[in-house]
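Order of writing sets the labels: A, B, C, D, E and F. Residues in every chain begin at 1.
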Amino acid sequence: MQFDSPTSPHGHARTSVTRVMLRVIYALIPGIAAYIYFFGWGVAINILLACVVALVCEGAVLRARSRPVWPFITDGSAVVTAMLLALALPPLSPWWLTLCGTAFAIVIGKQLYGGLGYNPFNPAMLGYVMLLISFPLEMTSWTAPQMLLEVKLGLIDAASAIFAGRLPEGLPIDAFTMASPLDTLKTQLLLDQTVSNVIATSPIFGNIGGKGWEWISGGFLIGGLWLIYMKVISWHIPAAMLGALFTIAEIFYLIDANTHATPWFHLVSGATMLGAFFIATDPVSAATTNPGRLVYAAGIGILVYVIRAWGGYPDGVAFAVLLMNMTAPTIDYYFRPRVFGHDRK
Amino acid sequence: MLAAVLSLGVMSVVFGLLLGFAAVRFKVEGDPLVDKIDAILPQTQCGQCGYPGCRPYATAIASGAADINQCPPGGEAGILALADLLGRDPKPLNPENGQVKEKMVAAIDEPRCIGCTLCIQACPVDAILGAAKQMHTVIEQECTGCDLCVAPCPVDCISMVPIAQTIDSWRWPAPEKARIAGSYR
Amino acid sequence: MSANLYHDGVDILHGQRRLWSFHGGIHPPQHKHESTNLPVIRAKLPERLILPLHQHIGEPAEPIVQVGDKVLKGQMIGRAQEFLSAPVHASTSGTVVDIGDYAVPHPSGLNATCIVIEPDGEDRGLEHPRVGDYLQLAPSALRNLIRDAGIVGLGGAGFPSYIKLNPGKLDGIDTLILNGIECEPYITCDDMLMREYPREIIAGLRVMQHALQARVCVIAIEDNKPEAFRALHDAALHEAGIDVILCPTVYPQGGEKQLIRVITGKEVPANGLAIHIGIVCHNVATALAVHRAVQDGQPLVSRYVTVTGGGVSQPRNLDVAFGTPVRDLIIQCGGDPAAVKRLVMGGPMMGYALHSDAVPVIKTTNCIIAATEADIVPPRPVMPCIRCGACADACPVMLLPQQLYWYAHTNDLDKVQEYNLFDCIECGCCSYVCPSNIPLVQYYRYAKGAIWIKEREHEQADIARQRHEFRLDRLAREKAEREARRRLKKASLAKNQDNTPHTEEAVDND
Amino acid sequence: MMIAGLALGLFGIAGTAIVAITFGNTKDLILLKEREDLLKTLNVLVPPSLYNNELVTDTLLVRSEALLGTSTPVTVYRARMDGVPVAAVMTPSAPDGYSGEIRLLVAINYDGTVMGARVVSHKETPGLGDKIEIRRSTWINSFAGHSLYTTDSREWAVKRDGGVFDQFTGATITPRAIVKAVYKCLQYFIINRDGLFNPRVATILEDTVDNESE
Amino acid sequence: MQDYLLILVSTVLVNNFVLVKFLGLCPFMGVSKKLETATGMGLATTFVLTLSSVCSYLANEYLLAPLGLEYLRTITFILVIAFVVQFTEMVIHKTSPLLYQVLGIFLPLITTNCAVLGVALLNVQQQHGFLESAFYGFGAAVGFSMVLILFAAMRERITASDVPVVFRGPAIALVTAGLMSMAFMGFAGLVRG
Amino acid sequence: MSNTDLAQITRDGLWHNNAALVQILGLCPLLAVTSSVVNGLGLGIATLMTLVLSNVAVSLIRHQTRPEIRIPIFVLVIASIVTAIELAMNAYFHELYSVLGIFIALIVTNCNIIARAEAFAFKNSVVPSAIDGLAIGSGFLAVLVVLGAMREVLGQGTLFAQAEMMFGESASWLTVTVIHDYHGFLLAILPPGAFIGLGLLVALKNFIDARGKKQPATVIGRAHPGAVPAPT
């Protein structure tokens, strides 16, 4: 009589990596919907393109390394990476930009380290930063929000802009681009303008942050809160990151409101919300202990502010995440929870 | 030119003198490294590494005369520990020194033993009991499984046998790697 | 009704005790009601009882019978060998037919020494002396009695109970906890026992209290066992100093350290024992066994065992004589051994899969799950750890299972210890919640074993080094002595005779 | 100890000797090469046919934080034909580049027309701001021929700000900074033209302009 | 004070010696396999780098410059560095075996650390004064140690990862260093001017 | 010293024990100056010369040193050689010299050189030492050039840009524009590209070695315990 003899526990909560990733994808939906609403179909096309490229790259590398392909293709992690990367790209960025970035993220950022679970850096952010430093021109031409445009872009228009580099009416893509709110603010501050002045004079600013950007951030916030509710992510990272960013922004806002934007502006601008709930929380590359997560995410919050306020780049989320990714193993080592029955150190 | 030669010459002389002085004043004796290496070696004393026992091999490693991959009984774990200690890159066991084998103990087929004492002389850890012309036995707990007593026996009554596993000595194996989709080849 | 009862429990809590909580824990599906529908009956005696000599933590017992001996029920057939050991008794009357290696319940599936008894069907018991009033006995005499009755912890660990009944301090201990938590799914043997023998359990508790000179006693029961709670609650109603407490269900609340935390808010120090903080914890079945040993003079020869799972048509609890093969129980509960896919001894969280159904029930067997295809989560691919931390959130010991796994999987034995591997109670919560499906607990078990092996090897290497050095010294000494002797001889020769080359040669040859 | 000192000393002397000999043999050549290199750069802006003095050594240090963009003294190379001033090459800085200072060479004809400009060093973003380098784009040549007279002060700006100079897509700050720097340098030149070519002035010419004259 | 702070921020983050300026890469790659050794190396380098930065400054200011022997800079500096390192090693070895355990074995490696000579040469090139030289050296060393330690912790993780066989070891370490340097580009522009 | 030994030294230096790809030494100049082929070539040649000369010198004086001053003497010797070369470069390849900047002086601390002095020249006689220097230096040079080429082509679409710095004005025809109208993949010429590029080269070497060997190199490391091969 032969019985099956694996070890205990003999039951399982029936969760899976796929389920976790699927939930992340669901949680992205409100933000993406707002994004598409404000910036047109380009966003959707980018996401789709990135997903396809990510899956193809992932499959190809796994195949080349003779690893099982199917479990990893279907785990959804590559799709999450692709979606987050695509969300960070300018809405009408040319197709090859998305392709290069995604391929870099998946092949170098993830698979070179052994694939799922082993990458020390956030692959999506690696892809983004690589693109930013290699193709700064393309990466800084943001599409203007739809409401600031004379001509609304349809699906076909967006596709033709992305794949052919031009619009049907023969308009250059430049006609649809403008600097993003953070970029505008940064450039104008360099020209010795005051914050209130900049915000009053540029049409791109809304009530708290950039027009449209506020709503998109709201969408990601909702999705993120749902993720916390579903226990896909813990509250530590978003809370610490947003808290740190808010605090430091408030301090400098109080010191000099002319050259420093309001903390609320920082919270709803750029990739703050997306970063706090979806990017900094990437479990693989973040700190894995709860005390460590607090330190890690607070570090991100502070670095985001430092780079935004004094650095050369308008938004610092990607860099801040990568920089703190570097520290994650060290943080994990030094910030461990107290073990049951041990004294507090 | 003269200024150059002079100033640097003087400087070097001064530095040389200081270093020479320091070498005498701050002289340090002994090398604790050998002990550390010896502590890692398995003490099987089998000589497969090419040295007459573990300590000579440890001395040879410390002096740079031997590589870290020459001890088969130590296995991969031993090489890794040595690499860690010495800050070197681990490398696979040198096949010239033998292969990793399961640990065995010597067993004397006692009725056949003629009491020649040759095995006693071969055993590096005095794990064989017996006297001349009397039957010999191996103290199983003391035997390191070095194999050295097998060859000298004139009647081939010594054989190496695997150590039997009991419920007390059984330990959980690592999970099968086949189950792990993303594991090493 | 259950809600009502829970309120009773809460009242008590409000009245006297505050409950604490511990970090982590999980809520797996209970599967308890399946095996509580039928009354407990005695299991049929098998054709042969196989009694392993090692049914507890510690040294195995030493057989004191020979093949062919006739034995009576309750007669000691294996004697405790050392301090940490427990005797084994015949669980029915019959003839010893063999003493040899048989398959025993153990995750390895290896064999161990057992005494095999062929029952004579009479089930004749040995007349044991009864203790009139245990209160007259000195605690130490009481403990000896309990030791000789072969009582070991019936909550799963099988630690000889008499050792745990030794307070070690003069002023006795503070709290004696009776563990009726039974937090693992499927298992209901303690539940049934508490429903049926509440008074006896409390009597046993009193004996233990006497032995330990414990100040207060607490009986803790999870709120998924309202009948058991009611029974014990009623039985203890007029007993002073015994709290019966209802605890919200969470696995692994039954773990000694977790339960102590829940009841008292104290943490048993790492590397320490409960007794160091003045607390002792026993299982309810152990209390019953103590009562029987003291009251009836009856040694431990049987226990309640839950037989459940999809592989049996009538899941229920049985009162089983030790040594009864598992196969007999399955058949008795309407099961077909051939339909069983996996046979688990113990609960689904901590129990181990058996390699054969010929193994006998022993003192620590509380449950047998005859699992079919339907009971088992189909094996899914194990993915790499994504460091999500779900395991750390579930770990009741506040360990970092993901880091332990990382280092165990890379064989970094120093680092696993640094991450407190040895505080892991192997409860399985981490594996249970891991989305990557990693057999975490097995890695920890592996790592613990690997460390054990490594330490053993180190010890042996040290001994070998000493012996080798000793031998080298000896050889050197012998050589020096030989040399000295030779020189002496030479000198004396030189003195006695003229220096002739011949003599020198002769000396050399010897 | 003695031996150590002596040995090290000996090697020190020997090594130094080798170096010193090499130095002796290459010293003049190096000086020459350095000068040649500089001259090559300057000649791109001021064709050698236009002057016959020692451009590399006929220099002057001047300082004007307001107009030359830096508080450190700035070198001026002066080109003359038979002693008659022809042109000057100034080395001002544009302090307000996107990521800091941009150092320039600006050649100005004696009549106040820009003969050409080059970027010596900058920290602008590669791919965006670095089109000011001649290796990446010819944009920097667009200054040649402009003067304060031909191009009025409002036109000394990038096109986006209503001027005549191109900007680069996505990076307006860098060209803005350079246009401004060249414009101010030109102002400085016009104001100080005579002093600049005065052969007797050899020390640092301190800032004579207090306020920016806009 | 602010100037010195700027020097620190600049050398530690913006112009990190290892990741941006490419100095001290061999020990960065060689002594980063384990966190503990990396920490030891970081400490040793910080000490020697600061000390030799100051010593080289003195040698330049009071020996080479007055005598017009600037062309002997390299040779003088390296001699000073080698001496400082060797002397420190001997002293520590004798006086504090414990400290020697931590730092000693790394000291000889420092002589050939480009960062040390690099700092000395850059101090001259950028015309730093005495205190500036000290801060520059210290900042460079802190920047070096910081990335070394972070890198070591990352490498410990990476060696235990399922890295493709051809990339195991130095190859993936180099790629990682590249990605770190990419992340450090985020600090670009932090110190303007 | 037999011929096979010398051949072995050569093979080691060029491939099996390549300074950059295997020993991972001399990285600072290797990464810092390889944004173009010409830079790489220039620094490579300077390093090669230093290596040969320092190996010869160290081998000559190897009996004259004492342990406490061995390293100072080595660095003195090396620094003298480097400074002499530096001065010569400044005189004859001035433009290249200014581009390579501080990294010429830093050849002194190029870890390869001291490593070869310690590991080889100190223990061997002059001829093998010279050969060793030549081999190691050439191996290093080759990597400098290959990495430079890789980064230059990817980064700006050219090869041998500014060849005139090395070979004089007449050599500017050497410059090849590989990809016309190329915007440039900036990553390649920025610092990260240097690291990643070298990482890829090291991997490529591993790949070639592994393919040659048929059996994949048993990489010993902290493997998955289940993966420890059973003794056969």
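Observations, loosely collected:
Operating definition for what follows: contacts are C-beta pairs under 8 Å (C-beta built on N, C-alpha and C of every residue); 3 or more make two chains touch, one makes a residue touch a chain.
Keep in mind the model is a prediction, meaning the values are calculated, not measured.
With every chain reduced to the mean of its CA atoms, the largest distance from chain F is reached by C. Across the two interfaces under comparison, A-E and B-E, the one joined by more C-beta contacts turns out to be A-E.
Distance from the chain D centre to the chain E centre is 34 Å, each centre being the mean of its Cα atoms.
Chain centres here are Cα means. That of chain A falls 53 Å from that of chain B.
Centre-to-centre, using mean CA coordinates, chain A is 44 Å away from chain D. Mean C-alpha position of chain C lies 63 Å from that of chain F. Residue positions of chain D touching 2 or more other chains: 3-4, 7-8, 11-12, 15-16, 19-20, 23, 98-99, 125-127. Looking at chain C, one finds that residues 107, 379, 381, 383-384, 409-412, 439, 442, 445-446, 450 touch two or more other chains.
For chain A, residues that reach two or more other chains under the stated contact definition are 7, 68, 71-72, 108, 114-118, 130, 133-136, 312. Across the complex, chain D is touched by residues 1, 4-5, 8-17, 19-21, 23-24 of chain B.
Residues of chain B touching chain E in their complex: 3-4, 7-8, 11-12, 15, 18-19, 22-23, 25-28, 84, 87, 89, 182-185. Of all residues in chain B, only 38, 41-45, 53-54, 77, 124-127, 141-142, 144, 165-167, 170-175, 179-183 touch chain C in the complex they form. Within the complex formed with chain F, the residues of chain B that make contact are 12, 15-16, 19-20, 22-23, 76, 79-80, 90-92, 99-102, 173-177, 180, 183-185. Residues of chain C that touch chain A in their complex: 22-23, 26, 28-29, 107, 109, 185, 257, 261, 267-270, 272, 337-338, 340-344, 346, 348-358, 369, 371, 376-377, 379-381, 383-390, 392-393, 396-400, 402-403, 419-420, 423, 426, 428, 431-437, 439, 441-442, 445.
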